[in-house]
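Each of the next two complexes has chain A plus one more chain, namely chain B in the first and chain C in the second.
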Partner chain A sequence: MKPIMLQGHERSITQIKFNREGDLLFSASKDPKPNVWYSINGERLGTYDGHSGAVWSIDVKWDSTLFVTGSADQTMRIWDVETGSSLSNLEMKTSVRGVSFSYSGTMIAYTTDKMMGHNSELDIIDVREPNDIDATPIMKTQVTPNYAKALSVLWGPLDEYVVTGHEDGCIIKWDMRTGKKMEVGQEHTKLIKDMQLSHDGMMLITASKDTTARLWDLATLEPLKMYKTDRPVNSASISPLVDTYPHVVMGGGQEAMDVTTTSSRIGKFDARFFHLVFEEEFARVKGHFGPINSISFHPNGRGYASGGEDGYVRVHVFDDAYYQFKFDF
Partner chain B sequence: PPPREVCTEMVKKNKIKSLDNDDDGGAEEEEPDFSDPEDFVEDITEEELLGDLLRQKPKETDGVESVIIVDGVPSVGAERLEKLKNVVRKIFKEFGTIINEFYPTNEDGKTKGYIFLEFKDRAAADEAVRQRNNYKLDKQHTFLCNLFTDFDKYEDIPEEFVAPVPQPYKDMGNMSYYLLDENCFDQFSIIYDGGTTTAIYLNAVPEAIEVAKRERWTETYVRWSPRGTYLATFHGKGIALWGGEEFRQVQKFSHPGVQFIDFSPCEKYIVTFSPHVDQRSEEPQSIIVWDVRSGLKKRAFNAERPPVWPVFKWSNDDKYFARIGEDVLSVYETPSFGLLDKKSIKVLGIKDFSWSPTDNILAYWIAEDKDVPAKVSLVSIPSREETRTKNLFNVADCKMHWQKCGDYLCVKVARYAKAKREKNEIKYSGIYYNFEIFHMREKGIPVDSLEIKENIQAFAWEPVNNKFGIISGEPPTVNVTFFQVNKGQAPSELKKLEKRPCNNLFWSPQGQFVVLAGLRNMSGALEFIDTKDFQVMMSTEHFMATDIEWDPTGRYVASCVSWWGHKVDNAYWLWSFQGKILKRQTVDKFCQLLWRPRPPSLLTAQDIKDIKKNMKKYTASFEVQDKMRYSKASREIIEKRQKQMLTFTEYRQKMIEKFEDDKEQRLCLRGGQDTDTLTSNENDFEEETVEFLVKKETVIVDE
Partner chain C sequence: MPSADEVVKSSWADEVEEVEGGNLPPPVEKNDGNTKTITEYSLNEDGKKVKITSHYRIEKHRVARTIAKRKTWAKYGLSKNDKPGPNPATTITAEDVFMHFLSNKEEEQNEQEELKKKLMDAQKGQVKCRLCKEDHWTKQCPYKDKLEPLRSSLLGDEKVEEEPPQPGSGPPVDKAKMSGAGTQGKYVPPSMRDGGSKKGESMMSARGRDETATVRVTNLSENTREQDLQDLFRPFGDISRIFLAKDKNTGQSKGFAFINFKKREDAAKAIQVLNGYGYDHLILSVEWAKPSGTQ
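Up next is the complex of A and B:
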């Protein structure tokens, strides 16, 4: 089916995220205004105005009431999803790289940049009172200089631990209460661009600049699978229908500065579908004319959305051929 | 011992340095004690410390080395000695200052007939000996010149000849094992990781099999010997050859700074070239010819500037090798490595030459000189007999192309309409082209001419048979034309393909099939053509391809995007000769793919004819074999997948159970709401109205 093109951003997309039900799609870009859209028809519901720099990371609470954004303007904001009003504005010492709501939605974990003498940090704050947040973290961990800078962050399934993806390619699991390192996954050789969980929170997929995506068991950080391409992978997502359609979708592409001859006809900005178990590629979807920066299955597993360096968000719904395709085994 | 001053100087320097590095301002600090403790033993050799100075140290032989002895000098009395000295000085003065001369005399005061001359350095003495040995002074007197140091050398030669001890035979295994592959799969080498890794693969069906892989096997690139026996690797110190089943080192040639090599066609010899060695040294070092099997240096040459590689060209049977100099063609013979008939062939104005790939015939061309026209000549070696010449007019340049079977020679002649002399350069304008085709196998070697008005981009003979293809015109309107050479009549045009996106054409080693390629800046367009009927079998693309390599059997073609030419998408793709894609292999920083050559076939023409006649029979059996291989491979894949699926299903089962076990906790965390599936909290759903654009209509409303 013809994809819906969402045009609302002035600069390249940094992250897109569906809410839990999948009726809303949030998008952030290097311009300071995150957007929210109806995923079904592409109608824009509104923008979240207030930041003064690129928005690196976004997350939405499970009940779609709160929306959190981390920005290069060295603030993290919490918004009312429905009204678009900024509930709190937390000032940091450096840019905010990754933000994540816990399963219960009572806490937010975030990572900050290492810059101007400040270390990269992993902090957790209590957001039970979104209008009156105590900016003092309930848990605070220095990531640098002991580990490489942390970029993305997400919560484990029961509010017990968080996982961070780092600049040197490692992923680290931290105990939420003590801030102590629990597990390290050291498989990627270049920086982690994105991390996403399976719908049940049991598996983790990481996307790396080393041209691969990897699947991990979240509880143990045991590597399970590896999906190899020939381009930096910026984002990867596991199908919510993983037990019927064990698929992952990946997006990426060479950064413009690394390409001498730009030609979209070599089709390297495709969304690429891999069999989750066999690690084999079975489909590609063209469309973007720059690298894909963020990609996500719709929570119902019947489509996906991608946001690109070209500034567009594309929302796709699978046609029958997708469900009919089966590997022989 | 090293000069004392130098040591103290060095110590001082070190001290200053250490003070500079000290941020805390240690200028007031007491000077440290640099003297060695009493029991100190120097563990750095002086060679290491002061190698450059030690080399300048005077040697005992220094004086002696520049002394020469001249015998055969007239014997004269004291009254004529001064006159003789003057004559001798005149003869030797051009080699350098004579700083000492000695004329030994008899009891009766007459000179003994031999004299000693001391030059200012060794080089002058060497040159004097080289140039004045056998110098005829007059009818009775011939100078015999020798280095003084040579006397020692010749004295040390034992009276009795002792035969060299034969080297023990080293069994290298079967060096031709790769030809015994039961499926006749070919091997190829690849270099990747930006040059750090080299690997050899067997191009098996359906998947290539790794034969060998080594890190840092070569420092730059690799070359196969022309018959495929050896793989040559390049190192700072020289060349190494590898071969046999395990690719063990079979030979090495020490030649520091070597950058280019060239094998003789039968692999007996290898020529190595190190462009940056000191050309002034007395012993030539820049080009060395080696015996491949023994590893012995056969002869060394200086490179005459500016060298164009290969400097030496070999005859097909390894018997002769030749190079051109100013107005000469020097042909050397093996195994003596001396000049053929002890002298070069004098050819005024020789520009370039080339050997027939099958016969000991040389072709060369000489440029125009005022009223003398340019000329192409064929010369038989070793007889030096000129078998054919052809005069040419208005020639700007010539390129010689031999057909691989030696049946034809095509000389591509760039001719001009006008020539203008500006300063020392000649500017040509109105360039057009002539092909002069020599029919080598016909009586009297008839020559056909073919004129092409367009600029020629590429020319290639079909390796067998009598066709050739050219690419002509200016991009983007480039035409490809195929011609056939006929006996007794002019070449006929077979087919003209107009406006093709290509800049190179590659014939199959077996002929008939050709790949047209638009390499590098033409972004990798590929066309596979059967020249039997000029059908374009496949028109395709390997984006940004830099190289095309046919396998030696003409069954496969590799297209490459080399990291040396293009920094992304480095890969090699394998195609069938018909242009069917077989494999797209992306390799990180892939640099080079080379097929391992095969020696010429031992089959007779009749054998080949018989095989072609029975092709249907063979095809059937090969197809069955291929089918079996593919089904075996797909069976293996299916088995692998089944195993993977089983493991994964077990894992998922455990995860699903754990997920169920955690349900209580999840409910607790989300205030009792079940959010496990999309519809598990349906009751809490709110309804919303969403608008869709169904269609657009324009209605004009009356006012």
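Up next is the complex of A and C:
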């Protein structure tokens, strides 16, 4: 396969995300300008100019009208996807680590850093009027000091709960009615780098620095599977075609600080494909010359995109070999 | 003192820029049906003109109305001035990459069976059953139960018909030798055995490895691992063993390795191609390994 290489960023990629239909691919990096691309040909639709710090986390609403970015410049911005204009700029006390649109698109959950005497928080705001957002959260939950700092956040189905991934490796499910903790999944031993839902929203995959990725049942936070590698896992994604191709793709590599002192041959910056059920690796794809920071299947399951520490986003479309490959039991 | 009119003149650096832009023909865009060709000109590092022709295939896809509408949106931000279609400055087609499927268990098994078969073939002619004179060990003789009592009753204890010892043959011959010396059943210290008078064979050759198809690789980087060598040498042919010298404490490579190929031709090919090959910022030196006894 011939990947498309997107060179829109000046620094390492932090997160990439497809919209619901998969025609748009959003990318954010440690430079202050998130990009949006047409995934089919790699054409850049535009950049979102306004932040003044690294953009840690992005999310797009289900109907691809709104785009939210959480940044290290201690703001969260909501953008119009069509024009690239900033609709609102919400100032926080600390940098914003994780952002997530609710399933209905009416609310945004975000987590903030623990910094300068402020606690890490999980807040929910109402975004039904994107031009005139009330910056006071409709729900506010202190994460620290009772729990470790929350890094990533995801909504469960029907906006009933959110799940946060924490610095100490636990994931916590919070009830949206009461703001109280419902369940804790404590399996990982090091920080959670990324969380992604399966296409039907029933399963959750977490990627952790402890060199494993784990599959969870979202409703009960029961650990289902574990995918073991030999390096920190930065991101993991479940194939949307999970019935015919029960695959998981994982990206990682060694610590960013060690990258320059090791060759790419040893660093193993490949994307690794695992069988969802048998937890066995069956394929690899080379390409990046830095660790993969964010990886995601295309919503139609016929390709995937990965963003790396090298600042590039690579969009892959599988060739026939992928579909013809039969997993050997 | 410099006068004012001198300042008006643009600096020499700007001048060069201007000339560059002026000499180059403007980019030409040709659109014919379902292909688009863009011809651009630029100067390379040596100051020579380079013509770059990019071909684009225009595809039509049938998509949902919302997606089609999004495709018509005007570009914004840094892409505001981009023309329709991918901008080569931000979007490039990368080299072909392949999905590397990890070895299948089935194949592995087949390979093992093949290897076994090869071994069996190699043993043919060397191994001879003392009972039925077929190509297998005496121990594995299908007629063992019937023939052995018969044989021992015929020959008695002492006079066992002896075959001339063959070089490289296995234990049955040794055993036969011992019985020929009339010491069957008794313990003989190793020094008193027949082998004791001979020079000991080294372990390496005893393992029966074909030393002739071994190459020595030196000037490897410290970070090399066996897997890397496997990736590097596998294309030349089947490899039976890779030995990478590693530091016992740190586990880092000591900078040299031995690769045993199954075939000598493959090893020769590898030497021809990889000797002097740049790998991990170092120039590899690949040569025939000296037989282990002579070093």
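Convention: the second predicted complex is superposed on the first by the 322 of 329 C-alpha atoms of A that agree within 3 Å, B and C clash if a C-alpha of one lies under 4 Å from a C-alpha of the other, contacts with A are read in each partner's own complex, and residues count from 1 in each chain.
Basically, contacts are C-beta pairs under 8 Å (C-beta built on N, C-alpha and C of every residue); 3 or more make two chains touch, one makes a residue touch a chain.
Everything quoted here is computed from the prediction, not taken from an experiment.
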* Fit or clash between chain C and chain B when superposed on chain A -> clash
* Asked: So, A:M5: does it touch chain B (first), chain C (second), both, or neither?
  -> second
* Contacts of A:E82 with chain B and chain C, given as first, second, both or neither -> second
* To do: Tell me which partner A:E43 touches in the superposition: chain B (first), chain C (second), both or neither.
  => both
* Return first, second, both or neither, reflecting whether A:K33 touches chain B, chain C, both chains, or no partner chain. => second
* Where does A:G179 make contact in the superposed view: on chain B (first), on chain C (second), on both, or on neither? -> neither
* Asked: Can A:D319 be said to touch chain B (first), chain C (second), both, or neither?
  -> second
* To do: Report for A:G53: first if it touches chain B alone, second if chain C alone, otherwise both or neither.
  => neither
* Asked: Is A:N300 contacted by the first partner chain B, the second partner chain C, both or neither?
  -> first
* Asked: First (chain B), second (chain C), both or neither: which does A:P223 touch?
  -> neither
* **Identified clashing stretch of chain C versus chain B [9-17, 63-71, 99-107 or 153-161]** => 63-71
* Structure fact -> The intersection of the chain A residues contacting chain B with those contacting chain C is 21, 23, 38, 40-41, 43, 63, 263, 265-266, 328
* Structure fact -> Touching chain A in the complex, chain B uses residues 523, 543-544, 566-569, 571, 586, 638, 641-642, 644-645, 648, 651-652, 655-656, 658-659, 662, 665-666, 669-670, 673, 675, 678, 688, 690-693
* Complex contacts: residues of chain A adjacent to chain C -> 1-8, 21, 23-24, 33, 35, 37-38, 40-49, 63-64, 82-85, 262-263, 265-266, 270, 273, 281-287, 314, 316, 318-319, 321-322, 325, 328
* Provide the residue numbers of chain A that touch chain B in the complex, in ascending order. => 20-23, 38, 40-41, 43, 62-63, 103-105, 157-159, 200-203, 217, 224, 230, 242-243, 246, 254, 258-261, 263, 265-266, 268, 276-278, 299-300, 327-329
* Could you pull out which chain C residues touch chain A in their complex? => 61, 63-64, 66-67, 70-71, 73-80, 82, 84-87, 89-102, 104-106, 221, 223-225, 228, 231, 280-281
